[in-house]
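Presented sequentially are two complexes of chain A, the first with chain B as partner and the second with chain C.
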Partner chain A sequence: MNEALKKDFAAIVGQENVMESEADRFSYAYDAAVLEPVMPALVVRPESREALGRVVKLANENGLPLCVRGSGTNLSGGTIPREGGVVVLTNALNNILEINEADLYAVVEPGVITAKFAAAVAARGLFYPPDPGSQAVSTMGGNVAENAGGLRGLKYGVTKDYVMGVDFFDVDGEIVKSGSRTVKCVSGLNLHGLMVGSEGTLGVFEKITLKLVPPPRSQKALMAIFDNVNSASEAVAAIIAAKIVPATLEFMDNFTIRTVEDFAHAGLPVDANALLLIEVDGHAGQVAEEAEQVEAICRKLGARGIHVAKDAAERNKVWEARRAALSALARVCPTTVLEDATVPRSKIPAMMQALGDIAVKYRLKIGTFGHAGDGNLHPTILTDRRNKEEWKRVEDAIDEIFDVALGLGGTLSGEHGIGIAKSKYMEKETSRATILFSRRLKKALDPKGILNPGKIIGE
Partner chain B sequence: MSDMRELLKLLGELDDQLVTCMRCGTCQSVCPVYGQTGREADVARGKIALLEGLAYKMIHDPAGVQDKVNRCLLCGACEASCPSGVKVLDIFLKARTILVGYMGLPPAKKLIFRGMLTHPGLFNSLMEWGARFQGLFTRPASEALGTSCARFATGVLGDRHFPALAKKPLHAIVPSLDTPRGASGLKVAFFPGCMIDKVYPNVGQAVLKILAHHGVGVFLPSGQACCGIPAFSSGDKRSYDRMVDENIARFAGGDFDYLITACATCTTTIKKFWPEYAEQSDQKRRDALDALAAKTMDVNAFLVDVLKVRQDGEAGPRDLTVTVHDSCHLRMSLGITAQPRAVARLNPNVELVEMKDAGACCGCGGSFTLLHYDLAERIGAKKRDNIIASGAQVVTTGCPACMLQITDMLSKAGTRTRVCHPVELYAETLD
Partner chain C sequence: MNEALKKDFAAIVGQENVMESEADRFSYAYDAAVLEPVMPALVVRPESREALGRVVKLANENGLPLCVRGSGTNLSGGTIPREGGVVVLTNALNNILEINEADLYAVVEPGVITAKFAAAVAARGLFYPPDPGSQAVSTMGGNVAENAGGLRGLKYGVTKDYVMGVDFFDVDGEIVKSGSRTVKCVSGLNLHGLMVGSEGTLGVFEKITLKLVPPPRSQKALMAIFDNVNSASEAVAAIIAAKIVPATLEFMDNFTIRTVEDFAHAGLPVDANALLLIEVDGHAGQVAEEAEQVEAICRKLGARGIHVAKDAAERNKVWEARRAALSALARVCPTTVLEDATVPRSKIPAMMQALGDIAVKYRLKIGTFGHAGDGNLHPTILTDRRNKEEWKRVEDAIDEIFDVALGLGGTLSGEHGIGIAKSKYMEKETSRATILFSRRLKKALDPKGILNPGKIIGE
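Let's look at the complex of A and B:
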């Protein structure tokens, strides 16, 4: 990049917020996806929303590929920049602008950290439910751009269910306003809906309005142990059929159970083939009743043991086991590939069977845990990316996992996004026309193709 | 070394460790440096990626990488929260050594580590000389805290409020000791460390007073060297090894049941690093280090867990409010948090109040504060605000390096909060 252009960026964000050394640029060449790093030409960190808009405009005027980066925790290469492009960081834009208790909404800048936001909301006696596993570090902008989910998806929905409005910069750096602070709003096109899950390809968010809800009064957690995946899935179906919607309904397979037990010694049954970790919440009376029903259903469908948490400490223990899943798996091998294929709830047994077969066929270690309530499984492949031969088998296995998931009427990604990691599979899930429609849409909004080019829909 | 191929080869040996970082970014939520700058190269994930980039020839600027790797407090918060169990501190210490091997040691550090710290005698006399004349260069800044700021703003000292070097270092007050086991039936070796020896001899005296009170015999050999961590964390493994050797000569073979320090950093170094970084040693040296490490204990833990000291005198008014700062090396490396609180409460006047984020780093990080003072100051400012907000009259912590940093921050804010070590609070109640 020429010096004059660097100066122009510096004039907008201040010299101290421009990073151009090799070491600085290389530290923005990757994200949490297992992909090859790509070096940007410049990294800038605007300290005001206005400066963010001017960065977008300048990039567009010069036809520079622009990659917006929150915390860089996405798992699909959404923040791997283009060579010669600019990375713009949002993490200095981290103000919670408003929490409105009367009208149950909040307005935030895009760089606010999810967990900090949730805590600020909780401090005001309200509740922001989406809780991605990365919430301690992920940004709200990243959550919206990836439509992040979490453990509470089944009952409370995912990020998109809480986005009331998004103000964003178009490629000319002009502010586009969409949505409102009211529950109902039909003024104009549903542009904020378009922004959710757009992975930085259509606009750059500068302000996000989010819905808040009252917190549940009480919770109850329980753990059910099954000898086979089928009965666990039947239990899931039966719970929902009984018109109970647990806040969380998590699943762990045998490989994951054994690995967690090895790591955390939490007293998990290592010979069980499936664990369900269930939490119901709401009014105390309703919670007690539902917990009993859930227990009865699990027993009827063959749960060999059920452990109901008696107090907060025991509840914590149940969730500690779930939280330890990724940590435990990640320590087994150097490289951890966290997949995200999602199938309709009823297809979980078929999917688990297929994953078992794939692990055998490609001689790989795969541990699967995830959100049984919504069919969002995380088959986690444990490998070593330096071993070329094995890595080829991993790639083939991933291809097959997607084929199976799509064959079962599922989707490539429940919550981790498409980015560049999965864009080549998009047409398989949708159709040629879908890709072309999306590309025409992008072309119209971003004629020079500067906004995170290559992500989701290729080029 | 200064041969690129050799550098790549050595970095390559770190590869098995580097590759375990899955780039999840979790370390961002705890890293004090990243918390201030928001820059990826300041957090563990970024530094590991840079080392990998260098090893795989994706980038080619070792000096640039070294600069980033050094912007780190070695506080261990990232390692403690890492889901993948990456041995971050181990990686950084080794990487610093490798990079210094390639780049050479900056002249100032060479003078300090190679010239002074490896020669305890010379170091001591230089510091004594410094203590005698420091009045010429520093002026009292805050009477209550006993700090003084540089009269002549020099490049290194800046506007720091340092506690003055003690007029008389501990080794001049108590040159050596070898007292027999008393009522407790125990005997300990005492390793004061540089900070207590030269800046906080009163902490050392408090330890000795308590040990004597409880009938614990003490072995305090003269001519102790620095524990070595300042050199090691600056990548100077050679000087580090020599300091360790000096200490082995002083302590190994001594008759004692435990080796006690009142400095969290020394404890961590002796207990964890001495045995861990002895790859090139012969069996005899390794055995000596293992034996010393096994006996090494933080003084707070020793008093509470081994001596089982409990407050048994009269109940006091509990009108002295004290808040505890958890030093990273005690909390993260050794898992010690309850004991310093228990020791402070042995003083019947003490009432504990918890500050917000007691476990957050104070920003000192050894030589980090010297090289990146502005950053250290911004990190320390949070700590200072939390201390002040706690309303406590006293802040206490089991690490003299933290004491120094906190004193600097409080003194500059003009507060009169007292900074001390938990053993001082207890020793005050003994006659």
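Let's look at the complex of A and C:
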């Protein structure tokens, strides 16, 4: 990048917010996906929304690829920049602009940390349910760009379900507004809906309006211990079939249980073949009834024990252990591949069976855990990418996991996004016309292709 | 339209499904909005989804404007065709393709009637909550195209919240697929989200996948009678502020009460200045508690009486009366203008006050009722469009209603759509860049501008 252009960026964001050393650039060359790093030419950090808009405009004027980055927790390469491009950090745009208790909404800048936002909302007696695994560091802008999910997706939905409006910069740096602070709004095309999950390919978020809800009045957490994976997955389907919608309904296989326990010391039963971690919430009467029903279903399907959390501390301990699953698994081998192929809930037993078969067939270490209640499992392959022979088996196994998920009526990605990691599979799930339609749309809104190029729909 | 082209349409849909008499064409020249009818050149009625796709392709090849029509209950001119264009009826595409009880979703063709779908779902022990006022005749395709709302929006959300996926024909008649049967899905751009509320301007629905939920276990309906409109609107805000989310929270002013009672004989108190019709639902314990709290709040804010429905029959009677509001009001004068400007819930008292002032200022008969709980009121102006002097006052009053709603942080349309009736106001709510962005998008996806041209974003 020429010096004049660097100076133009510095004039917008301030010299102190322009990074160009190799170390700095390398820090933003990769994300949490298992993909090759790509060095950007420059990293900039606007300190105001107005400066963010000017950065977008300048990049477009110069045909410079732009990759907007929150905390880079992305698992599909959505935040891997282009060679010679610019990484734009949102972490200075971290103001919660409004929490409106009377009208149950909040307005945030894109760089607000998810967990901080949820805590600020909770302090005002309200609830922001989406809780992606990376919530402690992920940003709201990243969550919206990826349509982040989480443990509570089953009952409360995902990020998409909480985005009431988005103001965003188009590629010329002009502000486009979509959505409202009202519960109902059909003024104009659902552009904020289109922005959710668009992985930075169509616009750059200026501010986001989010729906809040009253918190549940009570909750109860249970751990059901199974000797048999199949019984556990059948219990998941049976709970849903009984028209119980738990807030969370999580699964862990034996490999994950042992690895997590070794890491988190939460008192998990390391000899169990499968665990279900279940939380029901709502009115106290409902919680008591549903917990009882869930317990009965699990026992009927062969749970050898049910442990009910006695208090909030015990409840938190279990959830912290569950949240530690990825970190714990990631310690085992140099490379951790976390997938999120997702199937209709009733297909969970079939998917579990297939994952077991695939691990054997390709001789791989696969720990499986995840959001069983919404069919969103996370088979996690522990490997070493430098071992070329093994890596080939990993790639073949991933292909087969996707084929199985699609064959069961599922989807390539429940919550991790397509990014560059899965864009080659997209046509298999949808159609050629879908890819072409998406590309026409992209081309019209970003004619020079500077907005996070290559993500989702390829080139 | 030349005869050869008519024959091409007949070859696709069958001669018996091509209508071209003046009477037939006039039947599809207007919808429920107060706008001038526009005569299409031809009306066609495909009997299969495959034929629907071929109709789209043929229209595009010939640059013929296309207006896809369910039941034409649209209130903003979204189903008024173009002169010389084609109206495509979806009423033969009325199959419910799947209701999946284990995985809580359904797949429907676009012409399925909303109430029939809801009943079919209920018969399987599940619940499809969106209940637009026109549900007895409206179609699911129309509901999705308009993002239809209804009485239950407050607790259960609107159509958008239930659309898990849409397969649609692009302008070339190719099938684009977006979304999934899984709760979580981030495979590709959120094109199904973009389709919701796009009023037929971007694609033609082939089939729609809808989320279902378990039905509430119990419900309780209350009618709170107020001598004072302001007290009633304050009660609405107070109920929400108390973190109670009723399934429905409806308002009627005295004019509406009297007109409805005269029509429906439901036993409404005709001397009341305002009524709140409230239903809480869920677990029996919660319902009992919330009903008690709602009653206490209403009494505290000056309700002179509270009537609790004793049984389902009594409950239904009240809701039928509420549902009759538009029909009842429509009988009073030759022209009925039903608006749906929407404000954040806490601004309901201010909006009610403004509506009263506007009725006086412009010397108009305005009956106001609607979904107070989500800020979505329906001020209904009863007039005679042939009276030019009065009609001018009506137009001025509508302008002022929109200005007030936007000034209170609200939106032009909560659930009726923009269509052609409100497209000139769009820029006021959003920005010039928003209109241009939307037009670029439209142009890319429909280069010849045949898909319901002129709607939402003008020409």
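Here is the rule we use: the second predicted complex is superposed on the first by the 444 of 459 C-alpha atoms of A that agree within 3 Å, B and C clash if a C-alpha of one lies under 4 Å from a C-alpha of the other, contacts with A are read in each partner's own complex, and residues count from 1 in each chain.
Keep in mind that, in the parts below, contacts are C-beta pairs under 8 Å (C-beta built on N, C-alpha and C of every residue); 3 or more make two chains touch, one makes a residue touch a chain.
On a predicted model such as this, the values are computed, not experimentally measured, just so you know.
Once the two structures are superposed, chain B and chain C can be ranked by residues of chain A touched, with C on top. Once the two complexes are laid over each other on the shared chain, residue contacts for A:I175 go to chain C alone; chain B is not touched. By the document's definition of touching, neither partner reaches A:I96: not chain B, not chain C. Contact with chain B, but none with chain C, is seen for A:T335 once the two complexes are overlaid on the shared chain.
After overlaying the two complexes on the shared chain, residue contacts for A:A32 are found with chain B alone; chain C is out of touch. In the superposition on chain A, contact is made by A:L194 with chain C only, not with chain B.
In the superposed pair of complexes, A:Q286 makes contact with chain C only, with no contact to chain B. Once chain A of one complex is fitted onto chain A of the other, the partner contacts of A:I306 are absent, as it touches neither chain B nor chain C. Note: no residue of chain A belongs to the chain B contact set and to the chain C contact set alike, using the contact criterion stated above. Of all residues in chain A, only 19, 21-24, 26-34, 37, 39, 45, 71-73, 89, 91-92, 113, 115, 134, 136-137, 326-327, 330-331, 334-336, 384-386 touch chain B in the complex they form. Chain contact summary for the complex, chain C toward chain A: residues 100-105, 125, 146-147, 149, 153-154, 157-158, 160-161, 170, 172, 174-178, 180-191, 193-194, 196-198, 201-202, 213-214, 237, 240-241, 243-245, 282-286, 289, 342-347, 371, 374-376, 409-418, 422, 426, 429-434, 436-438, 440-441, 443-445, 456-457. Across the interface of their complex, chain A is touched by residues 15-16, 19-20, 22-26, 28-29, 38-41, 46, 49-50, 53, 58-61, 64-65, 67-68, 83-85 of chain B.
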